[in-house]
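Some structures are shown below for you to check.
The two complexes that follow have subunit A in common; it is paired with subunit B in the first and with subunit C in the second.
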Partner chain A sequence: MSEILKYLTQTGNIKKLVTMLSMFILLLTSGFPLFAQQQRFPKPEFESGYTQPVTSMPEARADFYAWFDVLILVIALSLITWLILKKRSRRGVLAMSVFSILYFGFFREGCICSVGSLQNVTLALFQPEYSIPISALAFFVIPLVYTLFFGRTFCAGVCPLGAIQDVLLLRPVTMKTWLQKVLGLIPYIYLGLSVLYAATATDFIICRYDPFVGIYRFDATFFMFTIGAIFLLLSAFVARPYCRFFCPYGVLLNWMSRFSKHHLTITPNKCIQCRLCEDSCPLGAINKPVPVKVMEDRPSATKRFIRLSLIIPLLMILGGWTLSNFHENLAKVNTKVRLANELMLFKPDVMLPSVEIEAFKTAGTPVQELYSEAAVIVEQFYLGAWILGGFLGLVFGLTLSSLSVFKYREDYTPDKAECVSCARCLKYCPVER
Partner chain B sequence: MNRRRFLHNIGRGTILSVLAIFSGTMIFRNLNSNGDSCDFDFVCRNCKKVKGCRLPDGIDYKKKNSIQ
Partner chain C sequence: MAEKGKNRRDFINTCFRFAAGASLVGVTGVLAHKTVSGNTLWQIDTTKCTQCGRCATSCVMTPSAVKCIHVYDMCGYCDLCGGYLRPNVKNITTGAENQLCPTGAIKRKYVEDPFFEYEIIEDLCIGCGKCVKGCGAFGNGSLQLQISHDLCVNCNQCAIARDCPSDAFSRVPADEPYKFSGFKKEQKD
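Up next, the complex of A and B:
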């Protein structure tokens, strides 16, 4: 890494490095359709009667690696925080991003990651019999704590999912604010769904539909490779599309960052209002100054805010009711519910049993037991759908209300919630030099 | 200290407390568990790395499902 840093400082040619890295990643991933094509057809199974002996692996070694990853995470977070807040170095952030892609991405194969650990935590919260691995807990909590104090430095270059998108950004296009606001609601829906499915012990949908993990592991299915490739291509023009419009962990970091004690500032000193940084952020996360003449009088603004806030309970009830009507559809993702449905619709005289039905019958479990288990899960989904709908109603309502709030600002400041501390804006500030 | 900063401090303190209590509870529960691995097969089921997995849950899953 020191060599990369040295290279960066000596040449100062970041664009060249980014282009090279992009070409490397594209070249690396260009062989994927071949893999995917092969996976579309199942491999033939030949029975030879030979069974391989089970390889025994020392468990302590796995524990050691888990703790080593936690240590690397803490070091990486501390280093990038120092690079952003003290050193104010975009090059440093870029170097850390490359390191994260290589270590947390390709070497550790994108697992364990903080984004996915959200589901482990949810599962542990709702299913007491599940013991969450301490490393998963650490990967969930540590970035949140860092964000509470220093802003989203984790997103800047430690998260391998964010880093791979960040280094590929070549020609960012400016998105309309309304479009950003609308697309920005998707992570809340994704967060709600991933919590619902993890809480009901149904599935870890974040891991299942992670667009980059398959690329890091070189084993993406054709479908997931296509999704990943689309995201990577999109990253060249739209800054961090997954982070901004999908990442459920980003929602939590967004909330934490609002309370951050120290956050990246565009200028190291007094802002001179030169407006050079105005359009420098590819994420559109710079708050522009609001002149006093634009500000409306306080009572009318407060009245409008209260009126809009009154809609929130209505939206929550509407959201809860709407989603609760779809709880059975949501529950169909659960394997037990799906199997119970299949068995109910199964007619042995006219239909051939599926592999799942055959396996169930071989296990000898009574059908009534499966039905009662499935009924309990569907009930959980009914309650979960109400809560999820209510949560989404709250989010929509608060987003609507917040659109009408104008804060008086004198200077250009980063939007603490949206800013991922990528440090791109720093080089635009003449005070910095 | 202005009102905004005061509220932020309270918010930060509350979140930190919640995180600390939650983490403490989870660690305590983990340390006091009897070592049984979880029954949540779906965590391993869709994992393409399960064949080479060395984690206790993964090993248990492989045993249960006769995966070599």
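Up next, the complex of A and C:
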């Protein structure tokens, strides 16, 4: 005992003890206590006065900017709505488009955008463990609310994807109506698929195949860059090809805009049926007047209604059944399902393990666990494929019926659903305010 | 007749507008308590990463936003560094043929006998993880792959996350943006 005390009281040793103790406490409190125990080669104690560099941990963009983006979105939407509905100024829309391309596009590098946010919302609705950032929710809801009141002013010049196509439009060609209708079905399919894949936490396909985000970042795979370039080239002749024939968020805006309260009108006053604006819309979104004599009479309308109410459910069931047959193919996109498939087919003696299989083996998860997880996901896809097929059947049926129905209309009006409020047609109207 | 039709249509329109508005409010309401107010960032769980090499190729940025980050606190300052040198090198020199890193992004600096400091030159690192694997296998595992948040554009869906075979990516709260680990997994050589 006295030996130990004597040993301890030697000044040099006390110093050592104190340093050791303080080192120990420091280690415990510094948040790296585990490092010390686990190392093969302990960290040396330097004698040359060497100072260890700091481990670099660069900061991310501050949270504050996410709110700033939402603020900018609201301001931009309010401004462009005012420019369109009150000022009726195409030049204003153009200026806003340029601003959006610069800010939401090049400066913010195209992320997060409203189009993609629809997947975050879906994921949050279906996966309990995912919490959605408020800014993503705001980017999803705010344009829809504006559209419900004022038409698709968001598309006119706030959406960076729409804006970049719009400013490039040089020589619009007119498209056959049937072609426009057929291609116009693609967004519904795209919307359905992206919801299916987001709901099953498989992938965000809208983000993966966003043609313009690579251009905004000056960085993309060759494949995506080519697609982006094709879309941009196409935009010179076909007005907004992505908007009209792909954009899944556009479908939601389309629905909202149909019921919008204060949608843009071509004439500032009363339409005099002069036909000057008839062909002015590059999107083919101007509805011509329908004279009373083209309208069908009551009995034939009733008959058509009965026919539709039979055909549409039939189409829905057919669609659901067809797609549900392909649910396993749809599910293959999911990494877990793919890995489970791969493992089932894997023969260790004849095949080299893929990177996935090797990583799975390293992680040491029981195979059975993976299989049951994959089975649950495939089950979700089965249900999802039925719903998606039914939805597509409904859309198909309604599109068919809309081709045969004529609503009474006296004036030239923008088609509220298709019109993106670009304000190009306004200057063709000779009527004074 | 036209007037009547128009009135009816207006009425239906209003009904639908309210329905659409209500569904928007509904979605927002349902999600309102599922939101995180702060931003979240993508990060690699270093305990899960198997250094497959996809971090170098899958990122939407070129070069990748994933970098090797040196946790100096864990480093043994070894002369024979498993992260710096190729396995079975004849003589320990800084010759390019001896270096594991394909881009020569690691700087070896003499500190004092027999210790060396290894510094990652971030501009050169492509995040391939070769050195991380080497350090994990032969050394302390002080080299770790992490997303460098000044380079990452925080994609809505990280392109590497869906390619990562080890499921190592997840979103982390912005106030704890790095996920270094002190645990050393036993690696098969």
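Just so it is clear, the second predicted complex is superposed on the first by the 367 of 433 C-alpha atoms of A that agree within 3 Å, B and C clash if a C-alpha of one lies under 4 Å from a C-alpha of the other, contacts with A are read in each partner's own complex, and residues count from 1 in each chain.
Keep in mind that, in the parts below, a contact is a pair of C-beta atoms (placed from the backbone, for glycine too) under 8 Å apart; a residue touches a chain by one contact, two chains touch by 3 or more.
Keep in mind that what you see is a predicted model, and the values were worked out from it rather than measured.
Trainee: According to the contact criterion defined above, which of subunit B and subunit C contacts more residues of subunit A?
Mentor: C
Trainee: Tell me which partner A:193 touches in the superposition: subunit B (first), subunit C (second), both or neither.
Mentor: After superposing on A, A:193 lies clear of both subunit B and subunit C.
Trainee: Using the touch definition from the top, say if A:340 reaches subunit B (first), subunit C (second), both or neither.
Mentor: In the superposition, A:340 touches no partner, neither subunit B nor subunit C.
Trainee: By the touch definition at the top of the document, which applies to A:217: first (subunit B), second (subunit C), both, or neither?
Mentor: A:217: touches subunit B and subunit C.
Trainee: Could you tell me if A:362 is touching subunit B, subunit C, both of them or neither one (first, second, both, neither)?
Mentor: In the superposition, A:362 contacts subunit C only.
Trainee: When the two structures are overlaid on chain A, which partner does A:285 contact: first (subunit B), second (subunit C), both, or neither?
Mentor: Neither subunit B nor subunit C is touched by A:285.
Trainee: With both complexes superposed on chain A, which partner does A:112 reach: first (subunit B), second (subunit C), both or neither?
Mentor: second
Trainee: Once the structures are superposed on A, label A:137 by its partner contacts, choosing first (subunit B), second (subunit C), both or neither.
Mentor: In the superposed model, A:137 contacts both subunit B and subunit C.
Trainee: If you stack the two complexes on chain A, which partner ends up touching A:201: first (subunit B), second (subunit C), both, or neither?
Mentor: In the superposed model, A:201 contacts subunit B only, not subunit C.
Trainee: Looking at the overlay, does A:124 come into contact with subunit B only (first), subunit C only (second), both, or neither?
Mentor: It touches subunit B and subunit C both.
Trainee: Residues of subunit A that sit at the subunit B interface in one complex and at the subunit C interface in the other, please.
Mentor: In the superposed arrangement, which is not itself an observed complex, subunit A uses residues 52, 54, 57, 59, 61, 109, 111, 121, 124, 130-134, 137, 141, 144-145, 148, 203-204, 207-208, 217, 219, 256, 258-259, 261, 335 for both subunit B and subunit C.
Trainee: Can you list the residues on subunit B that touch subunit A in the complex?
Mentor: Interface residues on the subunit B side: 8, 11-12, 15-16, 19, 22-23, 26-27, 29-30, 33, 38-40, 42-43, 46, 48-49, 54-56, 59, 62-63, 68.
Trainee: Over in the complex, which subunit A residues touch subunit B? Could you list them?
Mentor: Going through subunit A, the ones touching subunit B are 51-52, 54, 57, 59, 61-62, 109, 111, 121, 123-124, 127-134, 137, 141, 144-145, 148, 201-204, 207-208, 217, 219, 256, 258-259, 261, 335.
Trainee: Help me check something: in the complex, which residues belonging to subunit A touch subunit C?
Mentor: Residues 32-35, 38-44, 46-48, 50, 52-61, 63, 66, 109, 111-112, 116-117, 119-121, 124-125, 130-137, 141, 144-145, 148, 203-204, 207-208, 214, 217, 219-220, 255-256, 258-261, 292, 335, 355-356, 358-360, 362-363, 407-408, 410 of subunit A touch subunit C in their complex.
Trainee: Which part of subunit C faces subunit A closely enough to touch in the complex?
Mentor: Touch list, subunit C to subunit A: 1-2, 5-6, 9, 13-14, 16-17, 20-21, 24, 27-28, 30-31, 34-41, 48, 50, 52, 54, 60-62, 69-78, 111-112, 115, 117, 119-120, 122, 139-141, 148-157, 159, 162, 165-167, 174, 177-178, 180, 182-184, 188.
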